[in-house]
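Below are two complexes that have chain A in common, paired first with chain B and then with chain C.
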Partner chain A sequence: MEDFFSLFYRNNLYGEQLYYHLRGWDDAQNGFVAAADKFPTIFCVAFGTAVLLFLAYYYIFNHPRWNRWYHWIIPLLMTMATSFILGYVIVTTDLSAGVIAQSLEPYIGVGNAIMFGIYNAVLGGLFFFIMSLLLRSWSKNCKHSPWPLLATKLNNKGKQDHE
Partner chain B sequence: MRPLIPLLFCLTACINGGPRPTATPGSNTATSKATTTETYSGETAAEAIQVSFSEHPTVNVYLETSGSMNGYVDNGRSQFQQVVFDFLSNIKNSGLPSEMNLNYITDKVTPKESDVDPFINSLTSRGLLTAAGNKATTDIAALIADILPKTDGSTLSIFISDCIFSPGSVSNPEAYLENQKIAIRNAVKEYIDANGFVGCSVYQIYSQFKGSYFDYKNRRSTIDMQRPFYIWVFGSPVHIATIKSKVPDSKFMGSPVVNTWTIVDGDFSEFDGLNDYGLLQPSPTNGSYRWVSKTQVSNIKKSGEQFNFTFGVDMEYFLLLYGEDYAIDINNYKHLITKDTGEEFFGSFRKNMVTASPYTHDITVISNKPFAKGTFTVVFDGNVPNWVYECSDLDDSILNDSNCRKTYGFKYMCDGIYAGFHANNTSNITARYDFEIK
Partner chain C sequence: MSKLYVFGIGGTGSRVLKSLTMLLASGVECKADTIVPIIIDPDDSGADKTRTIELMNQYMAIHSKLEDNEGSTNKFFKTEIKPVDGMTNFIFPLKNTRNCKFKDFIEMSQLDKESLALVNMLFSEKNLNSDMKVGFKGNPNIGSVVLNQFAGSQEYKDFANGFSAGDRIFIISSIFGGTGASGFPLLLKTIRTDKSSQAWSIISKARVGAVTVLPYFNVEEDENSGVDSATFISKTKSALAYYERNISQNGSIDALYYLGDNVKATYENHDGGSKQQNKAHLIELAAALSVLDFAATPEEKLAEGTQHYEYGLETTKDPKQQVLFQDLGKISRNAIQGPLTQFILMNKYLENSRARQSKHQPWAIDNKLDKNFFNGDFYAAVEKVQKAYYEWLHEMATNERTFKPFNEERTNPLFDIVNGKSASKYYPHLFTRNYALVDSILNTRWPNWNKAATREQKFMEIFYRATKDLVEHKYNM
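And then the complex of A and B:
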């Protein structure tokens, strides 16, 4: 299962050694320790935040005056900010606590933490964006945010043509 | 540095406790009070190798007392006598031997009393000449052929000699040496065939030599200079490792060990815990690749000008048995192509500085072209070390500063032993590191 979560983070955008650290690398075992794998937590928080803010915007708050694209940006940015802070804080906390494996430590710094935060923010934002595309049509007031549904667009176009 | 005794215990326990799960249940043979005998299987049941050793072996010491040894002895005052006295005393006091039998050897074995002190220190050049046996020539191959059949898992043999071949009046000394090499190879092969999981180790030490020197044509001259002599240990690798552990090379008294060489018949990969290795994570120094598992690697990319990946190895036992220079000499490692053939291996060693790492050294495998997908196996199959060739001479009629530390024909002895361990041009793999490149 841990491979599922790490699948979303397997890239070289924020440093290969940081990826190994977050996956739970242990020098003593020359392998990964499942208990030290941080990707399930990071993924669940990023995804969970996206789900919560999606539900909050489209189905809980669901206000007719908050259905413009610039209103939709707010929960998107909140999702991204939460994911960024989470990723950045986890890495910098490990850096300052000195819990990173000795073989990885020289290759991990604040720069990697920032890059990982940005990557996690983009990932969280992507989750929110995808849910916005797929699951907003049942929202009463915000289903046309950030842009009208394709079905509504086609319907309107058909009406114009008819007129 | 972890204590070494547990490692020896580990090897002992591994053999006592049997092999990895490939072992055939119920294949163990007899177990007596003092001797532990186990069978472990190789790749197939047909390749099963008998491993037999006792915890406290009988140690038989053979001190060559041919005429050429006269300059090494001086009533206990020579470096030779100090070294041998110290070495044998340490072994005796180490608790390893159940008993120690001391013998002089020429063309016949003369048993002596079991007290080390008079055995070695009472020797004078004159006393040497009065000892039994032929003093004029040394048939090294015959000595080896005499000693090895008396060596097995419960008997360790120590042979102390200047190891100078004595062709005497033969017309073609090189042919004589070649024949000696073949005879030594045959003796070693029989020794391996009869026992399995055996080894031998040699120490080269210098001592002041003052007396009559007999060159390869048996011409006598009087010299007073540093000359090498050799202590050979034949027996189970467990016993050799115990000696190396309890009598470290660096602790020899009288004169330091100049060079050593150990060769072992048996794959340590068969024993859990003695050959731990694993792929390390990529880094600028380790290479650019993806760590899949300890033995699986993928996406090996060019790192600089070459493709490489790095794995860690626990070499504690290797370092003990072979010495660091030999154990980390990359020339002793090969890339295995088929079961018995290897090709030159390009790589580099460095010490593993990661405190928590289970490995002592890192080996970086280097290739100029991309690695082919499939199995990639690196094996340890040691060569005869260079010092043997540097210390070997083919003409000792005039000894001076340039060749006084060389031994006539010594490389033929080592080549013969090496050939015995590689009989029929087979490999002698002591450790293997298997990887799957995806």
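And then the complex of A and C:
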């Protein structure tokens, strides 16, 4: 299960050493400690934020005056901002608390924290985007935000051809 | 019942037909499937007549696009309005009234001495020199001669040929003018006695109702005009006495509605023509309701003998105060307040919000109500009827007696539009109000939705269902 969460973060965009740290690397055990793995928390918060904002926008607030593409951008940016802050704060807190393994510490800095924040923001945004693609057709007022549903486009095109 | 033939005689006839068309457009229930209006008015250019004809033509254009929609609940424009086959613009044409003085119409120059003496006794010099192109200018003695051409005319035969067993006839006229006062008894006599058509036996036994409108306005004094409101009451008395002897007592009519008002507006004095454009009036609305009441009257009741009706308001208000929905009697209030409110909500939304919203709202996108639709003929007709509806309400609201059920000029907040009735909260919709609430209801996933319906049908169906939902929840109507 731990592998599942880390799967989303296994890349070299924000530094291999930071990946090791967040996965729970322990010099003493020369391996990963499951209890120190931060990816489940980071993933759940990023994904949960995306889900919450998706539900809020499409099904709770669901407002007919908030169904333009530029309105859709707002929950997307909120999801991304939350994910960015989460990623950045976790790394910088560990940096200032000195809890990073000695073998990794020299290679991890604020630049890595920013890059990880950005990566987490993109990931959160991607979750929101995918849900918007797949799960918005039941929304009464916002189902065509940010653009009309493909099914509706095809249906209307069919009618046009028929006419 | 299948068809109701409605004869609108004179200016009042046209104005009542206009009110009737507004009621039908807004979805007030009519027990007849089809209304067949026939306008009898020698005033070719009369503004009231022209406005009514244009409105009915737009209504027909809209109705024709809404037929055959399976599972439809829509009542806007539901009742069919159609002219008699062969009749143009609903007009029963009167011959030899254009650019013709009355003395020429009766060929006075060719009369013998005795007939001439009789004519001079019955008609004043002013009557004889009266130009009839704008009507009979309040002279029923002229009308009773000219309108004798009903019987045997091709147009009357056209009407008779379309008449079927079970159809009914209704006649709208005023009693204090010229055309209506003389046309009503003549037309009734023709209906009951004319045998020139194949359907005469059906027509002569058909159920016939009528509304006769007593004075409800005055005109400004004008020495050059043939119309003088000082004569309205005396003319009314004479005509009522005549009706009593020749209509009510002989059972030639099945239902007779009397309407009038002692609160009277004073209109500009025009003999007729394009300047005669009287504001819509509550009395005309009540007269239109009498048409619907007659259509709904069961056969058994009419079989009991002539039914006589009057109309009253249920209010103790000063007559100068505005009449609201709650001042109407229960039956008429329940019949019209919901539909008229639905229609004005539609009017306000289309006028103030539609253009900005339709590109983005699911109700429009899902049903392909796009730029082409809103630039098309159907929507243009809807806009024209809506504009006329607003004018109709506004005219009644600025007339005397004032009927002002709506703050029709108000655009915001939308739901404060019904006078004397505050809008309730619509609880499931916590974040939406005003025009946004209309959009939210329009966007509802409606049950039993006919996906195969045309765009026009879907457009009307959505607006009918949404406004009905709003009226029920916001105003408990």
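Quick notes on this structure:
Keep this in mind: the second predicted complex is superposed on the first by the 161 of 163 C-alpha atoms of A that agree within 3 Å, B and C clash if a C-alpha of one lies under 4 Å from a C-alpha of the other, contacts with A are read in each partner's own complex, and residues count from 1 in each chain.
Assume a residue touches a chain if its C-beta (ideal position, glycine included) is under 8 Å from a C-beta of that chain, and two chains touch if they have at least 3 such contacts.
This structure is a prediction, so every number in the text was calculated from the model and none was measured.
After overlaying the two complexes on the shared chain, residue contacts for A:K140 are found with chain C alone; chain B is out of touch.
In the superposition on chain A, A:F61 contacts chain C only, with no contact to chain B. In the superposition on chain A, A:G31 contacts chain B only, with no contact to chain C. By the document's definition of touching, of the two partners only chain C reaches A:T152; chain B does not.
Of the two partner chains, chain B is the only one touched by A:Q102; chain C is not. The residues of chain C lying in touch with chain A in their complex are 357, 360-362, 365-366, 368, 431-432, 436, 439-440, 443-445. Against chain C, the residues of chain A that register as touching in their complex are 61-65, 67-68, 140-141, 143-145, 148, 152, 156, 159-160. Those residues of chain A lying in contact with chain B across their complex are 16-17, 20, 25-31, 101-104, 106-107.
Contacts from chain B toward chain A in the complex involve residues 278-284, 291, 293-294, 312, 354-359.
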